[in-house]
Structures are given as structure tokens and as C-alpha cells.
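Next come two complexes built around chain A: one with chain B, the other with chain C.
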Partner chain A sequence: MTDVNQRDIGKAMINAAALVLVLSYALPYVYLLMTSLKPAADVQQIPPHFFPESISFENFREVLVNSTLPHAFANSLIVAVLTTILSLILALPAAYVATQYRRKLTVVFLLFALVTRMVPAVSLGVPLFQLLKSLGLLDTVPGLVLAHTSTAVPLALLLLAAFFEGIPRDLEEAARMDGCTRFQAFRKIILPVMKSGIAITALFSFIASWNEFLYALLLTSENSKTAPIVIAEYNSVFGLAWGPMTAAAVVYSLPVIAITLALQKQIIGGLTFGAVKG
Partner chain B sequence: MNKLLYATALATLLAAPALSAERINVLVEGGGEMLQKAVAAKFTADTGIEVNFTVVPYQGVFDKLSAEIASGSSSFDVATIDVVWNAKFADHVEDLSDLFTDEVRGDLPPTLLADAKVNGKMIGMPAWANAEIVFYRKDLFEDPKEKADFQAKYGSPLAPPKTWQEWRDMAKFFTRSTKGDGAIDFWGTDTIGTFAEEWMAHVLQAGSPGVILDKDGNVIVDNEAHRKALEFYIAPHCVDHSVPENVNEIGWGEAQNLFYQGKTAMMKFWAHAYKMTPKDSVVNGKVGVAPMLAGEAGVAAIPGPWYNVVPSTSKNKEAAKKFIAYAEAHNALGIEAPLGLAATNSAYKSYFGKPGYEHFGPLLETLSAPATQGRPLNEHFQEIVDEAVLPAVQKALTCKVDVADVLAEAKSNIQDILHP
Partner chain C sequence: MAEISLNKINKIYGDNFHAIHDLTFDIKDGEFMVFVGPSGCGKSTALRMIAGLESISSGELRIGGRIVNDVDPKDRDIAMVFQSYALYPHKTVRENIAFPLLMAGLDKAEIAARVEAAARTLELTPHLDRKPAHLSGGQRQRVAMGRAIVRQPAAFLMDEPLSNLDAKLRVQMRAEIASLQRNLKVTTIYVTHDQVEAMTMGDRVAVLKGGVLQQVDTPQNLYSRPVNMFVAAFIGSPSMNLYEATLDGTELKLGSNTFNIPASVFAQRPSLNGAIRRHLVVGIRPEHMNDATLHPASAEIKAHVKLVEALGSEAMVHLVIDAPWIDAGDPDAASDIGHERTAVARFSPKSSVRADDNARVAIAAEELHFFDPQTRKSLW
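== the complex of A and B ==
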């Protein structure tokens, strides 16, 4: 067998393994999609059927027309976008300074960010509730944005710090020598290089807020209720409405899928960021 | 001038409570909102007090109310809570004893009154209640051939089961291969392996003074009634083979779907399911209902009531109490909601004889049965169920253990939970 043939077989095996892996990841989502398309009587067949015997959009009609999902969906979108923007605004300069001007204090700062990620969210629920109540921000979009930002910033900080580590210090010094102020060097030279890292951080911050459940449950009631809460309401003590619940979950997953596809070049760039650092 | 000032001040003082009570916020689970919407609308029309519902997922009621109580202030004036949380919230809600007049007490099944009382305080007013009753396939039970075959085989008429033995016999009788290939594809009933409430109902039917704990908090999970009930509970699976084999995968939803899909002839299930039979189900129009089974102590079930409570942190306590009293007095208004449940005898009785509400008779009979009683009002009860009781039931359902040993082990685990 020639080297070329061996290489082809190896490649085919890797592709097959990758396909199995992708399918195993995608299978629950495909099943979710299939369930959402089943008529009410077929949703919980025993034994279950993977594919619907007939396609029905009644579950989508139910969640889009007869439920509060559209309003909650809009809330989720606004909260996630604002959380992402606010997190980046706060974390970008902080991560840059913490990595590029390394002092003992900045190391402590990053460690502290890491520690905050280890605190169970539930233990912060009541203090956040009291804080927002005293500020009159309970059940408001700004209130939930602040709560989500408090958890998204440490995540963004740690991610961005890792990306900033890959940028040579000389880059800023060269810019300074060419006449840039420190801020100009950061804005015009460093940030464009960090595009992939920022995209990944934005995506993670967005998803963290998009999927967040506990704070949304505790800190909202009606006005700023987000979609995860509405989806969970289909699981009532009197039964689980699988059809509408899966339809709502499919609708809710679309923005994340769309954003991931739109940013895929940056995400792949971000994943390999610094890999060829010489 | 002074008179005018005093008059203005007095008018302001008198108006203040009315203004602050114009709107009450009710924390409720999704299904509960539907059951109380009609009464809230009528309450607003009659009193001018607006009722605003905050709907959250089931567990959200507990989490949200806990967080609000812990914070010392609440946006909720009323919370509709599951009976399993009564003990947990007892110290943080108002005493509603003054709402329980003789008339109110006389219109509620005794078990609902008993569950409302925690540490001598009436902590909540029943908003609606549910209980397991027997569902059966009317078309099969009325089929002359089935009736004759059953009579020939068991020497008794085929009629809705009332006793444990009848249940087992009928479940065995209906378990069959409908395609004639020998593979069982239709079962007499199901056995739920992911919840323990149904077994608890049998414990009461067997004459136990309580479920898991007695009134003094002693662990009685290993008494004779618990043992007999567990033997009966596992028999259709371990001895008769009259249920689908995957018992540990069968929960409420699965049991309900097996029945709706025409794969079981009978089920013990929460009464609300009668009204919720899907129109496109193969059993639609063929469902019969009967009271829950009877053991040595007669008919018994574990009720599933929900209570309206007033959190101590509420700022509109009087308006909240007014709403709760009103909801109790107009309890029948919730029956037209999809779940179609109520709490009072009069509400249920007002629908007796109406087509589509045939389940109300068996439900009220079950709720009012002398042996029916609620779960122990112990704040560790859910932990006891999750950590000791359900594992014991599941172990028994392996069919390889002695039920007395399983219950003895459960007793030891429960004592560890209660006295760590």
C-alpha cells in the first residue's frame, strides 16, 4: 500500500469519526426539532418515534400566537445584547491592563475574577434581589442586565485576558513610538488584532445571558420575564407539554445558531489565536 | 381653616388603605393561574381590587417565594403553594384562622383542613385539590365478550375495580397480545417507578395511621401496612407481569400516555386527567372513572391540594385575605378552566351530573374518604421521599429483595435525615 493510499484511509477514518461525533452532539437537537413538528397525539408515543408521522406546526402556532413567548423572547434578546455590550466595555480595558501591565495587584485581580466564577449563583440570588429592590430595578430590563453582567464580566475578563496574553507587548510600544497615545494604541492597534478573541468572548457572554435561568426567575415577574422562564412554565405540576415546550426551545435556539454561523470565521480564528506564536 | 385641614388629613388617612389595596399580586404556577383567573375577574368587578398574577414554573413558586421572604420584603400579597411546601413556609405566612368559619370548614374535605393546619396555625386556604382515582376503558369493561370471559376465568363480574385483588385480577386479564404473535402489546395497567405517591395511597388503604411518619413524627415506614402496600404495589410487575416492564422509566406522564394511546386498560391517576383526554386520543369517549381502590381501611388517596397563603411580608394583607375568602366562596368558578379542579364540596357538587364532569363524583368520594390523608407536614418530607422512600420503592421493583428488608433500610435512612 502506498503512502498516499494510507493517508487517504487515515483521512477517511478521521472524517468518519468526526461525523459520528457531530451526529452524537446533534442528535438531541434533531430529536427536539422532530418532536416540535409532531401533532399533539404523537408527541409522547410509547415506544417513541424519532420522525413525525405527519408534520404539524400547531406547536409553533401555540407558542408564537397564544403564549407570552414573543414578549419574553424580545426581553431575552435585549438583555443578552446589552449584557454582552456592557461586559465587553468593562472587561476589555480591564483584561488588557491586567495582562499587559502585570503587577501583583493585577494577578490578584484576575484570581479574584476566577473566584467569583466559583461562587454558586444561588447564593447571590437573595443579595441581588435586595440590591435591585432597593434600587427600584426589580422586574426591569436594566436590573436583569446588571445581574447578568455581574456574572458575565468575570467570564469575559478571563477569556479576554487569555487572548491578550497572545499579543506581543512590542505592538503597543511600536504604536507609541509612532505617536499614538496609550488609548489610541489600544483602540487602533490592539483591538483590531483581538477581533477573534472579542468575537468569542461576545458569543460566550451572549450565551451566558441568553440561557440564564435563576436570576431571571428571581428578579423578574412579568415585564422583563425572559424566554427560559416561559419555556419552563410548560412543565407544570399537571404535566409536561412536550409539544409547545420543544417548539419554544427550537425558536429560542435560532438566534444563537444564527450568531454562531455569522461569526464562525472569527470563532475559528479565536480558537487558533496564538497557536503559531513564535 | 383648621377644620378644613383636619378634614383633609382624615380623608387622606381613610383613603390610604383603600388606595394601597387597589391591587394585589398573586404568585402562582401556570396551571394555577388558569384555575383562579375567573374568580379574580369577578373579585375585581365586585370589589374594585385588581388581581395581578405572576406566573412562574412549578419550582419557581418555591424559589421565588423563598428569596422574597429571605430578603424581608415581598412583591406578593398572595402565593398559591403546593401542599408539600406548607411546612416550609408555615413560619413565614399569616395565620388565616379567622377565614375558617364553620361554614367554610363544613364545605371542605377534612383532609384539606388537616393539611392547612401547621403548628396550630391555619396557614392557607385550599384553592383546589386533586387526588388519584381509577381510570378504566369503558368500552372494554362493557364488552359482553370480555365480561363473559372474565366471569368464566375469575368467577366474578367484570366491573370497575374496587379492591386490591380485583385490580390485580383485571390487570392480569387484560394483559395480552393483540396481534396474536405472542408479544404482549396491551397491558392491564402500569406501575410507576419514578414517584412514590401511589404506593403511599395504598399504605393508607392498608390502614396505616400515617404515611412514612405518624402524627408525632415517628418513623413508621416499616409497619405492617407499609409492607402490605409495597407487596401489592410491586405485584403487577414482579408477580403478575401485567404492566410494561420498564417500570423505572414510567412516571406520571408516561402512565398517562400509555392510557391515552390505548395501551393499558386501567390506570390510577390524578382526576384532572379525565377532562384532559386529548380529542384525537384513541380512548376519547371511552374512559370510565371510579373512586380510588379500597384496602382494609377503605378507599384512600394522597390528596394534591394547593393553598392560597399570605406571605408575612405582604403589604396588602387585608386585601389579600379578602381575595382568599372570596376565592373560597366562589370556588366553582375555576372548574371551567382546562384543569377543571376545585376544593370545596359545594363546588364539586354543583357540577354533578354535568356531561364531561363524571370524574367529580369519584374524586370527591376519594378526597372525603375517612382514610384519605395528606403527606406528613414535615419540612424534610421531600428529602425523605427523594433520599429514602423512592429508592426503597425502586429497589423493591427489582423483584429481587425482601420488602421488609427494604423498608427497614428506608427507616434507618429516614432517621438519619431527621436526626443527623
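== the complex of A and C ==
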């Protein structure tokens, strides 16, 4: 066998392995999508079929018209967007200072951020509940935003710190020599250079808030309930309502997919950030 | 344009590391001053203090007569070229060069005119709409220069701006920067660890070591009248060879070799007169040693040839001389020293000496340097 043939076979095997990996990741989502498109009668069919025998949108109609999902969906969106904005506003300057002006205290600060990520969410649930209760923010969007921000900020801080590490200190100094104050240098030079890092951090913060279940369950009841809670509550007298539940789950996954596709370029850029010297 | 004056400037970091000791000298309006020294000598720290990027622990810094110790970098009216160029990667060449003007609040027409003019001077016009990532090293260096000159500042500060370029481009850019500075007549401080750059570019050169200024002088004076062993060995390439020797009257004993020192040396260095078995350090520049079979001289020593590097125009001959070798105190050079400490001589290419030969080496005795072994200062 020639070298070229061997190389082709090697490539094909790598591609096949990649395909298997992608399919194993995609399979549960494809099954979810297929189930959501099945008519109510087919959903609980035994044995179950992977593909729907006929395509029906009745589950989608049910969750979008006759349920509280649209309201919860709006809550989720507002909470996730506000959490993302607030986390970035707090974490961007903090991460920049912690990485560019490295002192003992800033190292401790970053370590502390890491430690807060290690504490299980359920351990913080009770104190958060007490805090929000005393502030009168239980079952409110601002209350949930604050709760989500408390977990999103350390995540954003650690992600942004990693990106800032890749930015040479000279850039800020050059901007200061060119007539900027420290803040102007940060705003006009550093932030645009960090575009990919910010996009990735925003995406992760958004997804973390969007997917968050435990705090939403503990800290909301009626008014500010988010979509994951509503989806989990799809019960009927016959048990779980799989059809509407899967349709709601599909609808709920769409914004994240859309944002990921929209920010694709920045995400890829961000993942390879600093890997190659410019 | 401005005069820059440093008066007893000190830099002490939080961990009590004293980086700069009482740095004092004046840089004249329009002068090209080079800071040179080995790694960690404090040259970049001194430059950054002048830029305002590093605080001054004590002392007084004046730019154009104004005390600027506590003035923000943006308000010092100076431009800086960084070693990494520090070009803004998200901006085009045009936007990079225009940025300081934009920050200064100039109107659009003025900015455009100045950017075009700077681009013409630096031959960057065809690249104005490209991003730094798409430029070569030399072009990036020019953009950094453009960003500095476009402001027409009182002074330029340059922190090893050529160290990222390859050797050939460095020689070319060295000449370009020097000629640009001469045309613009802007006071310039240029930091480098390369003494060839320092000697060829500077009107005056400040040699630093361990945060202490050793000597500020013209390149020629640094070469011919170094104040101490460190400057003597640091300036000149290859370095001056330093050996322990004994002077008795007019006779110099260098290991097992003995030769006479001419009267002209004693006239230049009166402190050597009437020496009786005086221990001192003698400095011999490589260019003042030659093959005695081709260039006979009154002063001659015997040495063992360790290695010959034929460079075409000359031959670098590494010699073992049987006298105690002296370390000049250059931390960068110390790491290059092998087990055997050799002297380097610059022989004529016609020399036929080969490795392992015992050679007769002619010494230009009137060009010798002498130092006090205790104070390490030059003896005059």
C-alpha cells in the first residue's frame, strides 16, 4: 500500500470517528425534535418510533397558544439578557485589572472567583432565598437576575481573565501615550480587541442563565417563572405530557442555537484567541 | 521639541528592589540619546519613567523645563515606539497612525493630511487600508514610527524598536530611524541592548549597569576614554580583553610576557608615572592585537591559539594568554563564557595562524587601557 493510500484511509477513519461523535451528541436532540412533531396519539406509542408517521404541529400550537410558556419564555429572555449585560459590566473591568495589574490581592481575587464556582448551587439556594425575601425580590425578574448574576460573574470573570491574559500590556500603554486616559484606553482599544472573548463570555453567561433551573425553581413561583420550570411542569392527568413538553423544549432551544450560529465567527476566533501570535 | 532633564531620579519597587539609582543627566533639544546596557540594567525602566508609564520614587524629571513627575503620559507631549510596536490590531494602518491625532481633537482634514504626509515619509501609502496582521515586520515597525511622528511631539521615546527584526532589516531600519530623527530634529531617547546600535545612532550614549549610570558621552569617547572596566568591555565588539598585569617603571608584565609601554601612554595617563611593581588591569581591544609575523611591533606577547574564525575581511583569533583574566562585570557576557577564558584578537585575513598554534601577537601598546583593580576605574 502506498503512503498516499494509507494517509487517505487514516483521514477517512478520523472523519468516521468524528461523525460517530457528532451523531452521539445530536441523537437526543434529533429524538426530541422528532417527538415534538408527532401527533398526540403517536407520542406514547409502544414500541416507540424514532420518526413520526405523520408530521403534526399540534404540540407547538398547544404550548404557544394555550399555555403559560410564552410568558415564561419572555421571562427567561429578559432574565438571561439582563444577567449577561450585568455580568459583563461587572466582570470586564474586574478581569482586566486582575490580569493586567497583577498583585497578590488580584490573584486571591481570581482564586476566590474560582472557589465560588465550586460551591454547589443548591448550597447557595437557601441563603439566596433569605436574601431576596428580605429585599422583597422573591418571585421577581430583578431578584432572579441578581441570583443568576451572582453565579454568572465568577464564570465571566474567569473566562475574561483568560482572554485578557492574551492581550499585551503594551496596547494599553501605547493608547495612554497616544492621548487616552486609562479608561479611554480600555474602552477604545482593549474592548474592541477583546471582541471574541466578550462574545464567548456573553454567550456562556446567557446560556448559563437561560438553562438555569434550580434558582428559578426556588426563587420564583408565579410572576417570574422561567421557561425551564414551565417545561418541567408539563403534567397531565395521564402523567407527563411528552408531546407539549418536547415541543416547548424545542422552542426553548431555538434562541441559543440562533445566537450560537450568529456568533459563530467570534466563537471560533475566541476559541483560538492568542494561539497564534499576530 | 524639548530638553529633557533628569535630576537624581530613583525607582524603588514595592519589594524594595532599587531599580534606578540617582540618575542624573540632561538631554539637549533635538539630541539623539541612546540608553544602553545589559539585561536588567534599568534602561527600559528609566525610559518608562520618562514616558510616565512608571512612577518616579524620588528625583525630578523635567521635559521642556516643566516638572512632569506627576503628569499623565498623555499630557507629557511625547510619543513612544514599543518593542512589540503595540499596533492596534483592529485598526487599519491609517486608523493606527491617525489615532493620536483623533485623541488630540484635531479636525478631520488636518488628520487626513498629516497621516498622508507621515505615510509618504515612511513609504506606507500603499498599505494605509491594511490591518497590522497583514504587514511584514518592517512595515509594522514603520507604522509604529508613523504613529509617533504624526503627532509632532516634543520628544520620541523608543524602547528597543528594532529587536524584533531580522539582522538585515535591522541595519536598514537603523539608518532610516537615524536619518528620520536628523530630519525632524526631535529630541529622542532610544533604548537598546545592542551596543552597535547605540554607537551608530546616538549623538550621545548613556551606559547603565545595575540601575547606575556609568558614563554619558559621545560614542567615540566611550570607545576611546571609557571611565571604567564595564564601559570599556561593554562598548566595542568583540569586547575589550582584560587581564591582570604588573607595571614596573615603563615595563609591563603580562603573565610570562614583558614589554615596554611607550612614553605617549605616560603622557596621556600621568597617574601611571613612576610605578613600582604596581598591580593593575590592562585592557587590550581585539583590533589592537595582530599577527606579529605580518605586523611586527615593539610590544609582542606569546599566546596559544584556541580557535580561528575566518570572516573574510578579518579573522577572529581566540587566544589563551597566561595571565589572570578579569571579568568586566557584564551579566550578559558572563553567561557566554566557557570554561577557558580566551582573549579575542582581530587578525588580518592574511594571517596563517591555525588552532593549536603558538602565535606571536603584536600589541599596539600605545592603545592599551589601564584600570585600577580595586575601584575598576580607568587610570589617567
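Note that the second predicted complex is superposed on the first by the 256 of 278 C-alpha atoms of A that agree within 3 Å, B and C clash if a C-alpha of one lies under 4 Å from a C-alpha of the other, contacts with A are read in each partner's own complex, and residues count from 1 in each chain.
Quick note on the criterion: contacts are C-beta pairs under 8 Å (C-beta built on N, C-alpha and C of every residue); 3 or more make two chains touch, one makes a residue touch a chain.
Just so it is clear, the model here is predicted, and its values are computed rather than measured.
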Practice item. Using the overlay on chain A, decide if chain B and chain C clash or can fit next to each other. Key: fit
Exercise for review: Could you tell me if A:118 is touching chain B, chain C, both of them or neither one (first, second, both, neither)?
Suggested key: neither
Review point. Given the touch rule stated above, what does A:218 touch, chain B (first), chain C (second), both, or neither?
Key: first
Check your understanding: Which partner does A:229 reach: the first (chain B), the second (chain C), both, or neither?
Key -> first
**Study point:** Residue contacts on chain A - larger count, chain B or chain C
**Key:** B
Practice item. Name the contact category of A:168: first (chain B only), second (chain C only), both, or neither. Key: second
Practice item. Examine A:181 and indicate which partner it touches, taking first as chain B and second as chain C; both and neither are also allowed. Key: second
Review point. Can A:65 be said to touch chain B (first), chain C (second), both, or neither?
Key: neither
Review point. Could you give the angle made at the Cα centre of chain A by the lines to the Cα centres of chain B and chain C, to the nearest 10°?
Key: 150
Practice item. For A:105, select first, second, both or neither according to whether it touches chain B, chain C, the two together, or no partner. Key: neither
Exercise for review: Considering only touches as defined above, state whether A:261 meets chain B (first), chain C (second), both or neither.
Suggested key: neither
Exercise for review: Rounded to the nearest Å, state the minimum C-alpha distance from chain B to chain C in the superposed three-chain model.
Suggested key: 47
Practice item. Quick one: which bits of chain C touch chain A in the complex? Just the residue numbers, please. Key: 51-53, 72-74, 78-80, 82-84, 86-90, 99-100, 103-104, 132-133, 147, 151
Review point. Contact residues on chain A for chain C in the complex?
Key: 168, 170-171, 173-181, 184, 189, 192-193, 195, 278
Review point. Across the complex, what residues on chain A touch chain B?
Key: 39-41, 44-46, 125-126, 129-130, 133, 138-139, 214, 217-218, 221-222, 229, 232-240
Study note, to complete from the structure: Given the complex, residues on chain B that touch chain A span 25, 29-31, 52, 54-58, 60, 63-64, 67-68, 70-73, 75, 82, 244, 252-254, 256-258, 260-261, 263, 270, 272, 276, 278, 280-281, 304, 339
